[in-house]
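Each in structure tokens, the structures are laid out below.
Look for chain A in each of the two complexes below; its partner is chain B in the first and chain C in the second.
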Partner chain A sequence: MRVLPWLYLAAGFLFIYLPVGVLVLFSFQEGTLPVPPFEGPSLRWYAEVLGDDDLTAALLNSVVVAAGQGAVAVTLGFLAAYGLARHVVPGTVFLRALLIAPLTVSYLIVGLGLLIVVQRAGLGLSLWTAGIGHVVINLPICFAIIYASMGAQQQNAERAARDLGAGEFDVIRLVTVPMLAPAILAAYFLSVTLSWDEFIIAFLLTRFEVTLPVEIWSMLRSGLSPRLNAIGSVVFLVSVTAVVLAEVLIFRRRR
Partner chain B sequence: MTAPVTVEAVTHRFGAFAALSDIRLEIAAGEYVTLLGPSGCGKTTLLSVLGGFLEPGEGRVLIGGQDMTHVPPAKRPTTTMFQDYALFPHMSLADNVAFGLRMAGVGKRARMSRAAEMLALVGLGEAGAKRPHELSGGQRQRVALARCLAVEPEVLLLDEPLGALDLKLRRSMQDELKAIQRQVGTTFVHVTHDQEEAMAIADRIVVMNAGRIEDEGAPRRIYREPRTLFAAGFMGEINRIPARAVAGRVETPFGPLPATPPAEGGALVACLRPEAVSTAPAAFEIGPARVRDAAFFGTYCRAHLVPEAAPDLTLVAHLPPDALPEEGAVLTLHAEPDALAVFPEE
Partner chain C sequence: MSARADSLKGWGFAAPALLWTTAFFVVPFVVMAAMSLATLDGRTLIWGLHADNYLELAEERYLWRAVLVSLEITATVTVVSVVLAYPLAWIIAFRVPARWQRLALLLAILPFWTSYVVRSYAWLLVLAREGVVNQTLMTLGIVAEPVTLANTRIATVTGFVHFFVMLLTLTIYANLVQLSPNYRRAAMDLGANAFQTFRHVILPLTLPGIATGAFLTFVLCIGDYITPQILGGNTELTVPQVIMVQLGRRADFPLASALAIVLMALVTLAYLACARWLRIDRL
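Take a look at the complex of A and B:
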């Protein structure tokens, strides 16, 4: 009957989720190697991970960088989208292309470029510089998502608000942002998740305080351990939470 | 609150296209005026100029005697009801209606009681907590009206407000709009392309075409004695009877008309409304005509007739509904001479 399509679907999902499933499974390994046979389950490695100050500090750094850079990227992206969608600016097409262009540049190049600029400017490497790097890569995404959802419906509502006596700031605060909330939230959560597991730029632009992917990288160099599986599972859990939160918030607003 | 509006020699161009050419218009305080015309005639452009969304290239707009030409919409004593209503989807109906008062710095309690009052005025007194998406088209339209009226504008501008409603709802909303206008006394300027709507609702109709005012006046006057051929045709169906000016008289295929020709020489058109064609004797005789077809329309019988005096012409007549004329029958047609309006051929 229709077995084949279902088989194909199952195979597809297996391909995507098997590695993650194995990673999570062996994070509960009792022994010291994350390889079969599975012994356990045990929360031993989770306890060790959460007791490791370097790791928890890196985890906290990642949360702060992701949340902060997301807020900056969304704010800048929204303002750029609002300006280009609502006002006649000379060279709109060129400006739009310029805003989106960083999407096509590899993270390595963006990171290297920023590294050179930061070094030449004599600014030290820190979480701030990593955050700036993440704003550079996430701003185009936020701009594109918000710009695409600015339609005639909001424009008419903005016009009505002005007609009823609202100043420009009130129009944005009370009409544009609430009406665009689904797009703005989607852009925010996407940029948070992208920053959360970004490695190259964070690796190049941090020094003493590092984000979680950089910390994991340095641990990887000393070989495989169920500890890494446990961290990986935590990272995965945080990403899933962000996505679920976004879905719930955005779809609840749409209804 | 209410105020008169004066439009002084307003001209506006979009590139080479003249959307408005030398528009002059006086609207009295408390008047209900409709701007009527086909799409692209400039009626919506004129409304945008009144609302402040468009600064005219030339001319002035005075509201309540004050020059408002360069005043932005937020600072004008006007509000606009937009064609798609432009309600705020994320706010309750009460918050929608109270928005203008909130912008004016009115306290929460005062503005909410005013919003409830306005919602009651439009028949939605119980629905203040609902969201716009829970409403039907007609109800959204009422909310938009309440939102506009809550700030007590001197002039309310309505851009095809009934355009999105079905015919039946449209006719009942017309009556309601008119009643609300009488109650609040605000000057209403209403844009429409539906001449029945314009006649049903307006104290005065302004007929526009190609950026100019073709005619303005009471509905009855414009319908019965239009100033231009365009106004005659736009206000309702007409029979166009070719005519010529001969020695100070208007000659038609059915004989001379007791009217002075509007222009000497050249071709003229005599316009006759279908309901002015009658089988009862009257001063102007069209003469015998053969019925090509006829149909029953409830309040009248609509017939196509070919007059013997001008066999290449087909007249439309609305005859009394009690007897359906038979196909091929010959009727003798008459009309009152007053019912014929004569214009130069365009």
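Take a look at the complex of A and C:
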């Protein structure tokens, strides 16, 4: 009886890590098929991935889109959280619901709606349209995280600063933003990760220049390959780094 | 500062976010809803209040089949994920020593942050004919020939369950650690055995966590295109897959929009079904 829970825990972890483990292990495969038996280790597929112009271009696109849309989402989310938490605005409940609304709809629908509007308006698809779509899905998350962390403690410090003669923008710049820095950074890293991993909106809203998940998707048509393992491992490593950073920031705030 | 000036300032700060959400979410959504009531004459789009797309949905077998397939897969995934995740969350909350819990939880949800595309591809590797699972089964002598696992519904469900076990472990764990140990002690003192304590005390108290996780599972699962597309092998299509077919091959935006509205209606129904236990307002 005693060992049963530990066996279950071990089995659970095995299940959770099986795909990631296989993905990473066979990215070091010497041969051309990413299935057992394992031969290697070899870095040949990583070298090939880094030498692939389409992949590196897509990787760069992903970085730019993720970083850019994260900055916009966090800025807009912070301003909205500040406005609704620090000023008495009639209809706050409705406005909050409006800002959170995109979270309740699947990414496919967000992407489809934007695609229809962009096409009707006769505009072209590009990394910009994908970035706009990513802000739509990440703005609610940034708003919610920052709004939730605006407590009475900061409010007192803000009042003190104002009493000492600071104007509203100085208060925001010198008091609110530094005090909320962990939440703001956590929101930023989270939205960067979500954009970095996002497929369907990027797929629907880009055309010639694409992001990494879309490029990986088109590589998938040619079947299993250690190249896909190598690039997949890189994608995973980047996401995990961003998430661990966000986690560390939230964790520090709670202590 | 007058109340009016204060509220104007508040509006000013919130305005960019509100405008963005309105322009790039609300407006596209309304246009999509209108599009679902438009119809195609050849390749020409005719706006108006036509029920054609919704009628087609009821009549065409491959369309309502997709709704059924989506519901079946989503229901299976939700139930299996809850059943697998609950013990995992329980063990992390009550068996793992307190100082290791945060690490155990972080580790249990780390692969959650792999992109859908990469995660589905990784399962394709694991479940392939020459993949790890088949090789292990053959080495152990359980099967003589490789079993077809990839490109089946089993693969789709496995890929989904893997993702949602992590999500549900998180929501159920969050619920379990909030419970005061006094409830368990009181139940035990009153003579309940372990199972009765679980059945009549712990389980009802953790229903909100289960409902939140199950609802999220439902929403994310029924709207996902990638997992069934990569792992399911096109033998049966889900609603998102049919939407993508309408967009790509046939450029039938009205029908795709109607299907998207149906998808939303299903999510709304799921929300109403578990609204009693959900605490979305606390997010």
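The criterion applied here is as follows: the second predicted complex is superposed on the first by the 241 of 255 C-alpha atoms of A that agree within 3 Å, B and C clash if a C-alpha of one lies under 4 Å from a C-alpha of the other, contacts with A are read in each partner's own complex, and residues count from 1 in each chain.
The rule is short, and it goes like this: a residue touches a chain if its C-beta (ideal position, glycine included) is under 8 Å from a C-beta of that chain, and two chains touch if they have at least 3 such contacts.
Everything numeric here is computed off the predicted structure, so don't read it as measured data.
Trainee: Identify whether chain B and chain C fit side by side or clash on chain A in the overlaid structures.
Mentor: fit
Trainee: Which of the two partners, first being chain B and second being chain C, lies in contact with A:Ala161: first, second, both, or neither?
Mentor: first
Trainee: How wide is the angle at chain A between chain B and chain C, using CA centres, rounded to the nearest 10°?
Mentor: After fitting both complexes on chain A, the angle is 100 degrees.
Trainee: Looking at A:Leu224, would you say it contacts chain B, chain C, both, or neither? Reply first, second, both or neither.
Mentor: second
Trainee: Is A:Phe94 in contact with chain B, with chain C, with both, or with neither (first, second, both, neither)?
Mentor: In the superposition, A:Phe94 touches no partner, neither chain B nor chain C.
Trainee: Kindly classify A:Leu23 by the partners it touches after superposition: chain B alone (first), chain C alone (second), both, or neither?
Mentor: Touch partner of A:Leu23: chain C, not chain B.
Trainee: Comparing chain B against chain C, which has contacts with more of the residues in chain A?
Mentor: C
Trainee: Just checking: does A:Leu114 make contact with chain B only, chain C only, both, or neither of them? Give me first, second, both or neither.
Mentor: second
Trainee: With the two complexes superposed on chain A, say which partner A:Phe143 touches: chain B (first), chain C (second), both, or neither.
Mentor: The second partner, chain C, only.
Trainee: Chain B to chain C: minimum CA distance in the overlay, Å?
Mentor: 7
Trainee: Mind sorting out which residues of chain A both chain B and chain C touch, each in its own complex?
Mentor: Shared contact residues on chain A: none.
Trainee: Which residues of chain B touch chain A in their complex?
Mentor: Going by the criterion above, the answer is residues 51, 53, 72-75, 78-80, 82, 84, 86-90, 99-100, 103-104, 147, 151.
Trainee: List the residues on chain A that touch chain C in their complex, please.
Mentor: On the chain A side, the touching residues are 5-6, 8-9, 12-13, 15-20, 22-23, 26, 33-36, 75-77, 79-80, 82-84, 86-90, 95, 98-102, 104-110, 112-117, 120, 132-133, 135-136, 139-140, 143-144, 168, 193, 196-200, 204, 213, 216-217, 220, 224, 228-229, 232, 235-236, 239-240, 242-243, 247, 251.
Trainee: Within their complex, state which residues of chain A touch chain B.
Mentor: Against chain B, the touching part of chain A is residues 153, 156-157, 159-167, 170, 174-175, 178-179, 181.
Trainee: If you look only at chain C, which of its residues touch chain A in the complex?
Mentor: 3, 6-7, 9-18, 20-22, 24-29, 31-32, 35, 84, 87-88, 91-92, 95-96, 102, 104, 106-108, 110-111, 113-119, 121-126, 128, 130-132, 135, 162, 165-166, 219-220, 222-226, 230, 240, 243, 247, 253, 256-257, 260, 263-264, 267, 283
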